[in-house]
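In what follows, subunit A forms one complex with subunit B and a second complex with subunit C.
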Partner chain A sequence: MRGHLRRALPDLARVSFAGIVAYRAEMVIWILSTLLPLVMLALWSAVAREGPVAGYDEAGFVRYFAITLVVRQLTSVWLVWALNEDIRTGRLSIWLLKPMHPLVQHAIDMVVAIPLRALVLVPIVGTLLLLRPDLWRTPSPAEVALFAVATAVAWLLNFLVQALFATLSFWIDKSDALFGVWFAAWSLLSGYLVPLSLFPPGVRPVLAALPFRGMLGLPVEILGGFLPLREAVVQVGVQAAWLVALLGAVRWVWAVGVRRYGAFGA
Partner chain B sequence: MRSGPVRWAQVAAGLVRVSLSAAMQYRADFVMDAVTGVVRAVAAVVPLVLLFDHRDTVAGWTEGEVTLVVGLFFLMQGLLSVLVEPNLGEIVEAIRTGSLDFVLLKPADAQLLVSLRRVDPGPVWTLLAALGLVAWSVARMPPPSPADVAAAAVLLLAGMAAMYGLWLMAICASFWFVRVDNLRFLLWAVTDAGRWPLDVFARWVQVGLLVVVPVGLLTTFPAMALRGTWTGGTVAFGVGVGLAFLAVSRAAWRAALASYTSASS
Partner chain C sequence: MIELRALRKVYRVPEKDPGLLGSLRSFWHRRYRDVVAVDGIDLDVAAGERVGFLGPNGAGKTTTLKMLTGLVHPTSGSATVAGARPQDRDPDFLRAVTLVMGQKQQLLWDLPATDTFLLNRALFDLDHATWSRTVEELVAELDLSSFLDRPVRNLSLGQRMRCELAAALLHRPRVLFLDEPTIGLDVEVQAAVRRFVRRWNELHGATVVLTSHDMNDVAALADRIVIIDQGVLRFDGSIDALHARFGAGRRVVVRGTEQALSGLGFEADGPRASDGSGRWQRTVPAREVNPLLQEVLARLPTAEVTVADPPLEEVLTRAFGAAREGRA
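What follows is the complex of A and B.
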C-alpha cells in the first residue's frame, strides 16, 4: 500500500463510519431484510423433527442457519449498486480524481459497517440461543482460526464478484439486473438456502470447485463443525485460488472499462 | 362528470397502458427480467426437490402441495412487483418533492391514481413462472373439486386485497416519515416467510403471518383450499381479513391526505 493511503486510512475510515452512523436506521432495516436464513431454518427444522436428514438433526439445522445468518451479515457488500450508481450518474469522476482507487473507498465504506451489523446480530442470535440452547457447539481453536480466514476471504470474494458485475456498467446500463441472475444462482449454490451436503453425491464435487461455496457455505460449515478440518483446509485453498483469479479479472476489466467511461454530466 | 366503477375501470386501463408502453422502451431489461424470473423459480424449487429425496411429507404436506405454496408465493411476489411495488417508490418521491399536488388536482380518486401510477411489466415473467409452477403442482395432487377451486380463487383475491392494504399503509407512513423507501425492503423480507406452508412455523408466527403481514392468506390458504382441507370458516376468515385491511388502509390514506401539506407551497 502506498504511503499516502496508509496515512489517510484512519481519517477515511472515520468519515465512512460517520456516514454509517448518520444513516443507522436505514442500515438496521437493511440488515433486518436479510433474515431469509431464519425462514429456511423454520422449514428445515420442521423437516428434521421427524428424524435427521443427511446427518443434520434439528439442532444441526438450527446451528447451520444461525451461523449462515451471521456469516451473511459479516460478508455482505453492496458494491454493485453503489458503483453502478456512480458510473450511471457520472459521480465516479470525483473518485477518479482522488489519489486512490475508487474501489478502495468503497471497500472502506463497507468494512466500517461490519461492527454495526455485528451489533444488530447480537440480540437475534441471543434469542435463538435462548430458544434452542442445544444449537451451541464449542468449536476448537483451529476451527475458529480457519473460520476467521475463510470469512475474510468470503468477504473479499463477494466484494470482487460485485466489482466485476459493477464494472460491466461501463458497457451496459443495467448491470445490477444481471447481478440479480447471479444472486439467484448464488443463493442455491452457496449453501444459503440449503446445506450443500444435501445435494446428491455426484453434484457435490462440482459445487466444491465453484466459487459459490467459498462465498458463504464454507465458513458456516467450518464453524458449525460440519466439515472435517483436513477437508476444510483444502477448500480454503480453492477459495484462495478463486480470490487470485477474481483479482486478476477485476483489474483487467476495470482497466479496459474505465477507458470507455464517458463521465455523464461532465 | 361520470363516476363509479365504469369510470374507475377506464382510468385504471389508461394508467396501465401508459406505464406499459413506458417500460417497453427498455427491451434489454425485459429479457434480463425474464432470465432472472426463471432462475429464481428454479433456485426456489431445487431445495424442495432435495428435501423430498429424504422425506415424503413435511408437516403433513406432500411435495406437490409444498411446491404449490411456493408457486403461489411467486405469484404474490410477481403481482406485488408488477402492480404495487413500483408505485411505492414513486409516491415516496412525489411526497418528498411535492409533485403529489398534481396527482391530487386530477379529477379521479387519488388512491386509485397513486396505486396504478406505474406498472412494471418486467416481473410478468415471474408471474408466468409462478403460474407454471402452480399448474405443475396441481397436476401432481388429487384433482380439486369445483368448490375447492372457487374457495381458492376467493382466498387468493382476499389475500391480494390484504397485501395491497399493507402496502398502501406503508405508502401512508411516508406522509409522516419522509424516508420510508427502505420499509419496502423490510416488507419484502417479511413476505419471504410466506413461501412455506404455515404449518412449519411456530403458532405465534402463524398468527402474525395471517393478521399482521397477511402473506399466509395468499399462499397457504388457497393451497389448503386446493388440497381440500378447508371449511366455510377458512374462507370467511380470509375474506374478513382482506376486507379489514382494505378498510383500515383506506382510512389511513384519508388521514394521510388530510395531513399532507405539500413540499412546494
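What follows is the complex of A and C.
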C-alpha cells in the first residue's frame, strides 16, 4: 500500500493541481474567506494602543495575527463539504471501487492547494513587514523545527476532525451544519479570534488540554515566541495525543459508516 | 467467476406519517419497515460469459449488481466474485472488477477525460507501458481522439459514456458490471456501445454482467438472460429458451388487405392504407404456423410473409406476468 501511494503521488498531485486550476475562482473566494485574522489584527492592535492587554502590546497583536493568517492558510481544509457531497450524492460509490482510500485523494487535493494560498499570502505578509519592520523576530532553529512539526500536525488534526464530521453524513443528512457548531467553538477556543493567553487563568489549563489549540494557536505561539520552548514541546505532545485519538476515531467511524452506507443502499 | 448462494438483501426504510404532526412524531420515535430487495438468489456465472439481468423497476437488479461489486452488503447468503467476498473490498478484488453506471459518472467534470485516465493509472497502480497501451487501444476502439482534450462538461452524453467506458476499463478488469449502460443515449451511440462491449468481451475474455430496461441491449449483448422480479430469480437461460418458455408461439406477419385475410385472426400491425392494405400480424403456437401459412398463401400467393419470434418486450411482459401470478 505504501509503495502504491509513493508511486501514485505524482499523478494524484498532477490531477489535483489541474482541478484547482479549473476551480481557481472558487479557490480565491475560499482564500479570501479565511483572511479574518487581518480584521482581528486591526481590532486588537487598536485596543492595545491604550496599553498592553494580558502582556500583548500593539506590535505583539499584529505579529500574533499576521502569523495566525499564515498558519490558517497552511492548515485550512474543506473536507467536510467535499466528503459530505460525495456521501449524499452517492458519488462515494465510485471512490469505494478504487483500491485506494477515498480520503487519500481528498488529502492530496487539499495539500496541493497550499502553494496557491502562498500566492495570496506572500504579498500580504511582505507588505506588512515592509510597513512594520519592527514586527520581524528571528526564531531559533528549535522554534522553526517545532513550528514545522506543530503546523503539520495542526493540518492533520483539522483534516481528521472534518473527516469525522463528514463521516456523520452516513447517519444524518446535514453533517456540515453540525460542523458549523464546532467551527464556532473552534474560532473562539483555538486562538483564531483571541490569543488564548487572554482567557482567565483558571480556564487556560482546560484550553491546553482540548484539541482546538493544537489546530491553530500552538504553531502561532511557537513561531511568534509567545510560548517558552519547554511548554511548547509539552503542547506538541498534547497535539500528538489528539492525533492518535482522532486517527483511531476516524478509522472506526469510517468502517462503521461504510458498512451502514452498504446496508442502506449505496 | 461469480457465485451467489441464497443472496438476500433487506433494506430498513424509515416511515413517517404525513404533515407536521407526523414529522414531530418521527423525530422522537422513528418507525422502520423492512423492504426485501433481493430474496435468496442462487446463480453461477462462468468466466467470459455475457449475462443480462432483466426486470421491471425495483426488481432488485441494481441491488444485486451493487452486492456483486461490494457497495451493498448482503443481509444473508453469500457472493463470491473473482474468488473474493465483494464487501471486503480487497484491493485485488477491486482491480479485478469494474462498474459502469449509466446514471453516475466517474469522469472529473471540469477536466478532460485524460485527467481521469491519469487518476485511474495512479489509483490502480498501473505501470506506464501497460496503461499507455490500454489507453491507445481504448481511444482507437471507442473513437475518442477528437474530444479527449475537452473538459468533460463540454462533451455530449454519448461522448461522455464512451469516455466512461474507457476510464472503467483502463485496469483491464476481469469482470465488467454495467448498470443501464445505454440509458439516455441515441440509437447510434447505443449500437456503438453494444458493439464495443461485445468486442471487448470476445477479445479479452472478460465476463460481462449488465442490467438494462432496454431489451435491445440484452438481445445484442447477452447470451444468457436472468430475469429478476420482486427480488426473486424467475428465469435463467438463453434468449431461445426464454422464447420457448414465455414466447407462446411464433409471430406471423403478412402484407395484404383486410378483406383477403378476413377470418384468419390477424390484427393490424401499423397503419393501413385507404384500401385496407397494410401489415397484419398474428402470434400462433408453433404447430399452427404451417396450416396458417398454407391458408394465407392460398389466398395471397404472392404475399410477403415473415415468421419470427415475438418481440422480446412481449415475451418479457408475459414472463413478468407469469412470475407475478406464481407469487400471488
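A few points about this structure:
In the analysis below, the second predicted complex is superposed on the first by the 259 of 266 C-alpha atoms of A that agree within 3 Å, B and C clash if a C-alpha of one lies under 4 Å from a C-alpha of the other, contacts with A are read in each partner's own complex, and residues count from 1 in each chain.
Keep in mind that, in the parts below, a residue touches a chain if its C-beta (ideal position, glycine included) is under 8 Å from a C-beta of that chain, and two chains touch if they have at least 3 such contacts.
Keep in mind that what you see is a predicted model, and the values were worked out from it rather than measured.
In the superposed pair of complexes, A:Val111 makes contact with neither subunit B nor subunit C. Contacts of A:Val149 after superposition: neither subunit B nor subunit C is touched.
In the superposition on chain A, contact is made by A:Ala8 with subunit C only, not with subunit B. In the overlay built on the shared chain, the residue A:Val238 is in contact with neither subunit B nor subunit C. When both complexes are overlaid on chain A, the residue A:Arg259 reaches subunit C alone and has no touch with subunit B. In the overlay built on the shared chain, the residue A:Arg91 is in contact with subunit C alone; subunit B does not reach it.
By the touch criterion stated above, A:Ala22 is placed in contact with subunit C alone, subunit B being left untouched. Of all the residues in subunit C, the ones that touch subunit A in their complex are 11-12, 63, 66, 69-73, 87, 89, 91, 94-95, 97-99, 101, 104-106, 108, 110-111, 115, 118-125, 151. Taken together, the subunit A residues at the contact with subunit C in this complex read 1, 4, 7-12, 14-15, 18-19, 22-23, 90-91, 93-94, 96-100, 105, 259, 261-266. Interface residues of subunit B facing subunit A in the complex, by the touch rule stated above, are 26, 28-29, 32-33, 35-36, 39-40, 42-44, 46-47, 50-51, 53-55, 58-59, 179, 182-183, 185-186, 188-189, 192-193, 195-196, 199-202, 205. Put simply, subunit A touches subunit B in their complex at residues 26, 29-30, 32-36, 39-40, 42-44, 46-47, 50, 53-54, 172-174, 177-178, 180-181, 184-185, 187-188, 193-194, 198-200.
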